[in-house]
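Each of the two complexes below includes chain A, the first together with chain B, the second together with chain C.
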Partner chain A sequence: MKKYLNVAKTTFNDSIQYATSIIFRIGGFTITMLILISLWNFIYSGNDNLINGYSLKEMIWYLLLAEIITFGSGSKVATNEVKNCIKSGNIAYQVTKPYSYPIYVIFKFIADTFIRFIIFLLVATTLGLIFAGPLETFNIQTLIISIPVFFLAVLITGMTRILISLSSFWVEDSTPFQNVYSKIILIFGVFFPMEMFPSIIRTIVRFSPIYGVSYGPAKLVISSSFTLFKEVILSQIIIIIVISILISIVYRKGARKLNVNGG
Partner chain B sequence: MKAIEVKKLSKTFKSKTKEKGLKGSIKAIFKPKYQEKKAVNKISFEVEKGEILAFIGPNGAGKSTTIKMLTGILFPTSGEISVLGINPHKERKKLAYKIGTVFGQKEQLWIHLTPYDNFKFFGAIYDIPEKIVERRIEEYKQIFELDEFINTPVRGLSLGQRMICEIVASLIHEPDILFLDEPTIGLDPVIKEKIRVFIKRLNKEKKTTIFLTSHDVGDIEKLCKRVIIVNNGHIVLDDSMENLKYHYLNKKIVEAKMNTKINLDDVDGISILKDKDYNLKLEVDLTKKSISDAIKLLDPDKIIDINISNTPLETIISNIYKETKE
Partner chain C sequence: MLTAVKNNFKIMFLSIKYNLMRCMENNVAFMTSIIMMIFNNASFIIQWLTIFALKETVGSYTLNDVMLFWAVSSGSFGLAHILFNGIHKLPDYIEEGKLDAYLTMPKNVLCYVATSSLEPSAFGDLIYGYLALIIFNFSIKNILLYTLLIILGSLIFTSFAVILNSITFFIFRFSYVTEALKEVFLNGCLYPDVIFKRAVKIIFFTLIPSAFASWIPVHLLMNFSLNKFLILIIFTIFIIILAFIVFYRGLKNYSSSNLMGIRG
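Right, the complex of A and B next:
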């Protein structure tokens, strides 16, 4: 365990060096958010109607909160780094080290995500306060129950991305799969809360990881519901267990057939 | 216990082949054809603790594949391996604490961090107390004169500086065996020499067993007492450096500067390698002729200067490569 904390510490140290690059992504994030906010404003067209139970304010907050997770967990550690490590054969070094490579990457991912996540959190909250105003139901209890839920949401995103990247043991390029994952999350989790979909899709979303990585956390903040908290946490834990098992199987299979290229 | 024991070790790679052009690509998707390549073919050898072994062979001979199996990276197709009594692919982690690996063509360092931070990191990975890590870094700093760049992020280092840091990073846990796969590739003679001196010292002071592959004859000649030559996945020679150098070919080179031009023809056992103006270069096959035969042939009275030497190791090795090409 101590060595993995060291991995995290070293990554943190490493990521500070290029933290400035995140500043540029904030620009893109802000512009995307402003476009979507004005889109919702247009759809609601100034009246106080609810759409599928969401007021305009709630809808904007939902969007922002869900986006914090997708943008905040966009660290390259879980995507390109794993892929390149496998493709270049540098994985050879990782295999000869006294740690488990998947756990090593997970800790790296968490540490690399830390600063980035906080930055996006601050930017999104500011946007929310300006363009939607504070949520009346939000209180200290909401804050406390949100912390573990958001943490697990980021962790699940990272682990899913690592799982997808591990396909590089077999396929030439895992990036298209990453893109498909991003699009699915964006459409079924971020842009529209699941209440907006027909009931079949709603059910699928409810029992898919989307529930744990975007709908659950975002809805939790809006509703401040303790019942929802229990449901979300439970489904997140189940997802994490399933993904852990998958990562471990896929990694073991991959390492077994590993044909380190070059040299 | 031996440092390394290998019995009938083989590795076969299966790779997809593809006919040329778009048609070939489409065909390859639906009906992939596989080609088998026996990269390592039933090799057996042993390495004693404290030995420095050169494991050499032409490109594609199977050297890297062997190292990767010995370090637990690749799973063998068949055969047995024991490294310090451990089966590498069954107990990778346990083995990891006891061996170090350097691949001249791969990278393990964190490029945004300084060598110092990197060394600290690798120390922690092996559960070594910070105090000891610091002491070891200090020691390596002296040996390799790291002062100049120990606080420069790795991305800013030259190839040679980086390679030295790669080696130090692989040694921070003081492994019993160090595997080096072409550690001096692309480096200048000064740094090469520094690395050789260091490896030698490491072997002497810490009794580290060294398993080295290199295409640089200097590395092999200056470091190793024993050589294993592989070709096409087979071991074609396993002998001491001395035997290889002095007895394998049983040939000597005689170079002479004459005061008049003399005309020579090849005789059985003495062949003329060079005959230019007053300079002659002969190769004497000691199984057929002696050195004095060669000197007599030249006519001793006409010799201004003479130099008798062994066949260069480089030539010996390339001859073995050629002879064993199948």
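Right, the complex of A and C next:
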């Protein structure tokens, strides 16, 4: 465990050096959010006070909270770094080291995500307060129960990204698959809470990782419900167990397939 | 003069042809990236179906009209990345001093850099653009006009990218801002004009010209107007000239890193 914590510490120190590059990206995040907020303002511009149980304020907060996880966990460690490591053959050096490569990447991902996540959290909260106003239901209890839920949401995102990147053992480029994953999360988790969809899609979302990655954490902050907290945490733990098993199987199969040419 | 232009076009054509041949070397990867991109873009139909389930129309636009924004944007964006993808690598070339290889050639530097690379998944964008047009707004007239409009759109997008990327000649590490602004340009193209307030619309007509790459072409497809079409052509010529001026002004600031390299 100590070796993984050291990896995380080194990566965290590196990420501080590159924090300025994240600050530049905030501009893009802010304008993208403003466009989506404009869209929701327009949709609510009729006489509807509530759409499927959501007020405009709740909808804007949902969007911002779900986007924090998406943007905040956009570290390249779980995507490009793993993909390039496999494609370039550097993975051959990693398999010989006295640690598990997937766990090493997960710790690296978490450390690299920390600063980025905090910055996006601050920006999104500021945007929420300006364009939607404070959430009346939000209190200290919500804050406390949200921390583990958001942490696990980021962890699931990273693990899913790693799982997709491991497909580079078989396919030339895993980027198209990463893009498809991003779009699925965006459409079914970020743009709309699951209540906006027909019942069949709602059921699929409820039993998919989208629930633990986007809907659950965002809805928890809006509703401040302890019952929802228990449901979300439970589903996140189940998702983590399933993805861990899949990573382990895929990595082992991929590493076995690896051909190393000396030179 | 005319011979020089003709030669440049010939070289650009050959460059694009060889880029395409390189991409098609691995057929499976090439086809996968195209199919995935089509799937990517198509997923946003769900977004709009959901919105139209919540509200009957968006301004005066129906689902078919909104899909025109998608058709025009993805078509223009795709074509720009097929023909002129190299321009998006310009900040890297400038920051790492890799532009030398392009400067030594007796060709137009900007055209040569622009056609030096091709993004395979952009074919997915282009195909999706035509599919969206055929499924939601099919007519022979629309297809012909659409083809012309996405050529103009791709030139506007590429010129805008040239202007942004050329700022790296003056401000180091400006590429972070460039990427963000290109994303804003694309987002501006994808959403109907009616959702934006007047101040935002002014930005999309001036500083970030998404309106010329998407909104005006969509209006032309819905209801053709010669005046709007001429405005679009004049703006396209204006932004291309501006892109050349900014690039060559910036090029004077370029300093080589004496990096040795070979370009095929």
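Everything that follows uses one rule, which is that the second predicted complex is superposed on the first by the 256 of 263 C-alpha atoms of A that agree within 3 Å, B and C clash if a C-alpha of one lies under 4 Å from a C-alpha of the other, contacts with A are read in each partner's own complex, and residues count from 1 in each chain.
Definition applied: contacts are C-beta pairs under 8 Å (C-beta built on N, C-alpha and C of every residue); 3 or more make two chains touch, one makes a residue touch a chain.
Computed from a predicted structure; not experimentally measured.
With both structures placed on the common chain, the touch criterion links A:203 to neither chain B nor chain C. Shared-chain residue A:10: touches chain B; no touch with chain C. Of the two partner chains placed around the shared chain by superposition, neither chain B nor chain C is touched by A:139.
When the two structures are aligned on the shared chain, A:180 is found in touch with chain C, with no touch to chain B.
Shared-chain residue A:25: touches chain C; no touch with chain B.
Once the two complexes are overlaid on the shared chain, A:43 sits against chain C while remaining clear of chain B.
Looking at the shared chain after the overlay, A:248 reaches neither chain B nor chain C.
More residues of chain A lie in touch with C than with the remaining chain of the pair chain B and chain C. Of the two partner chains placed by superposition, A:126 touches none, neither chain B nor chain C.
Common to the chain B and chain C interfaces on chain A is no residue. If you check the complex, the residues on chain A that touch chain C are 21, 24-25, 27-29, 31-32, 34-35, 38-39, 41-43, 46, 51-52, 171-173, 175-177, 179-180, 183-184, 187-188, 191-192, 196-197.
Partner chain A is touched in their complex by these residues of chain B: 13, 15, 64, 68, 71-75, 92-93, 96-97, 99, 101, 103-108, 110, 112-113, 117, 121, 124-127, 153, 181-182.
Here chain A touches chain B in the complex through residues 2-3, 6-7, 10, 13-14, 17-18, 88-90, 92-93, 95-99, 256, 258-260, 262-263, going by the rule given at the top.
Taken together, the chain C residues at the contact with chain A in this complex read 26, 28-29, 32-33, 35-37, 39-40, 43-44, 46-47, 50-51, 53-55, 58-59, 121, 173, 176-177, 179-181, 183-184, 187-188, 191, 194-197, 200.
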